[in-house]
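Chains: A, B and C, in written order; residue numbering restarts at 1 for each.
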Amino acid sequence: MDNGLTDATPTAAAFRLILLSKSNPVMGCYMFWTSLLVLKMLVMSLLTARQRMKTKTYANPEDLRLSRSPEVRFGDPNVERVRRAHRNDLENILPFLLMSLVYIASGPNPLTARLLIRIGASARLLHTVVYAIIPVPQPARSLAFFTTFAITCFEAGYVLVCCIKYI
Amino acid sequence: MDNGLTDATPTAAAFRLILLSKSNPVMGCYMFWTSLLVLKMLVMSLLTARQRMKTKTYANPEDLRLSRSPEVRFGDPNVERVRRAHRNDLENILPFLLMSLVYIASGPNPLTARLLIRIGASARLLHTVVYAIIPVPQPARSLAFFTTFAITCFEAGYVLVCCIKYI
Amino acid sequence: MDNGLTDATPTAAAFRLILLSKSNPVMGCYMFWTSLLVLKMLVMSLLTARQRMKTKTYANPEDLRLSRSPEVRFGDPNVERVRRAHRNDLENILPFLLMSLVYIASGPNPLTARLLIRIGASARLLHTVVYAIIPVPQPARSLAFFTTFAITCFEAGYVLVCCIKYI
């Protein structure tokens, strides 16, 4: 711990219990991968904007002047692919991050927890690559999808059992 | 508290203040219901996949080979119903969970807080049943929707008043 | 701090380290603006409902009886504008709020952190006004969008550097 407290003081021992703080390596790992996934999600907006410019598919009349497009358009397949990938992120990354935070607060085994966070986050990075950047034949996307899906389920199951008495 | 500290030590008394930890029963309750709602949101993906398979409505060309469908399709009413329910979850469950976490950190009355979390989460479970699983005539869906809506508003109002000095 | 502990006790000094608690003014600021943004997101649902009633554009058959509309309709431009604004909120506000929480847990400079939270949240409030309430010519919406976008990126970069050792 980098807070200047030694293990001998009771306070230091007690601080081991503050799971949602930087002094907990699992939380540090979570913070690192959360930042990476948030950046990835933001990049989806830029990818959508790039496809909109490339195909001149603007959804709002006030966006037309900037690009000298004659009218609003919807349903371009390239734009829609990136938007589906983005929506899939909202449906999976946000629950995964929230669930992982709650999982950390339940005090799991640190090695298991760090492993789950690393694999879950990496699978979502891979998911975006095979969905929105270089479309790859199935089952590449399904495998990436179900990896994070299974990890989120495991974390939820763990917390459910752990907190059943507070129902 | 199950951390081995007795109430006599000052540290134990101080730890009462760590609201975002398992030693706080409100947080335990939040963790239980968050897990349940996250699982519910993940199930929406499976319900969408089931409807896609049943109606052979695939949105991506790379998904066609698996199901021997001739072309991508959009707008099937059964698929769209589940997708609308899923989007409604993103729009309401995620803010509810985030808001409840912040509400807990503001140190509310434990009994009220646990009641709000239980009712808010149960209403969203009900919402999914009457929207995506067994479509029921209105106002079943509206009632479930506005229950969680009102609870989230109350929590936001409580925190706004409580933290106005930090604006 | 309003928890009755004086600065002289070691516990009080240690509690300075509990970043995710009301005793941290940055967290108080975060809690205030989170509540405001959550309320704003909930209002989007009401705006959508208002546009649906005004234009009689209902997406579910069970909603028709209430409004005596003959059939389900999709794609009304007024409804779709509010829905796009709402989706944009999901894509940007939720990552911003989650990222800010993690950023606070990394122990940033309090003045910088509070400034970033205030500006980022205010920009999103402005974004909704110029997108869904009074459509304003570009670049009003883009400026509001990229302000929060840049702040979220900065926070993510800060945490990445700060937690690189936990990768």
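By our rule, a residue touches a chain if its C-beta (ideal position, glycine included) is under 8 Å from a C-beta of that chain, and two chains touch if they have at least 3 such contacts.
Chain by chain, the UniProt names read as follows: A, B, C = Microsomal glutathione S-transferase 1.
Everything numeric here is computed off the predicted structure, so don't read it as measured data.
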Same or different contact residues where subunit C meets its copy subunit A, judged by the half mark: different
Degree value of the rotation bringing subunit A onto subunit B, based on Cα positions, nearest 5: 120
Geometric centre distance via CA averages, subunit C-subunit A, whole Å: 17
For subunit C, residues contacting two or more additional chains: 11, 18, 20, 90, 94, 98
Interface residues, subunit C side, partner subunit A - complex: 10-11, 14, 17-20, 80-81, 84, 90-92, 94-95, 98-99, 102, 105-107, 135-139, 141, 149, 152-153, 155-157, 159-160, 162-167
Subunit C-facing residues of subunit A, complex: 3, 5, 9, 11, 15, 18, 20-23, 25, 27-32, 34-36, 38-39, 41-42, 44-45, 59-63, 65-66, 86, 90, 94, 97-98, 114
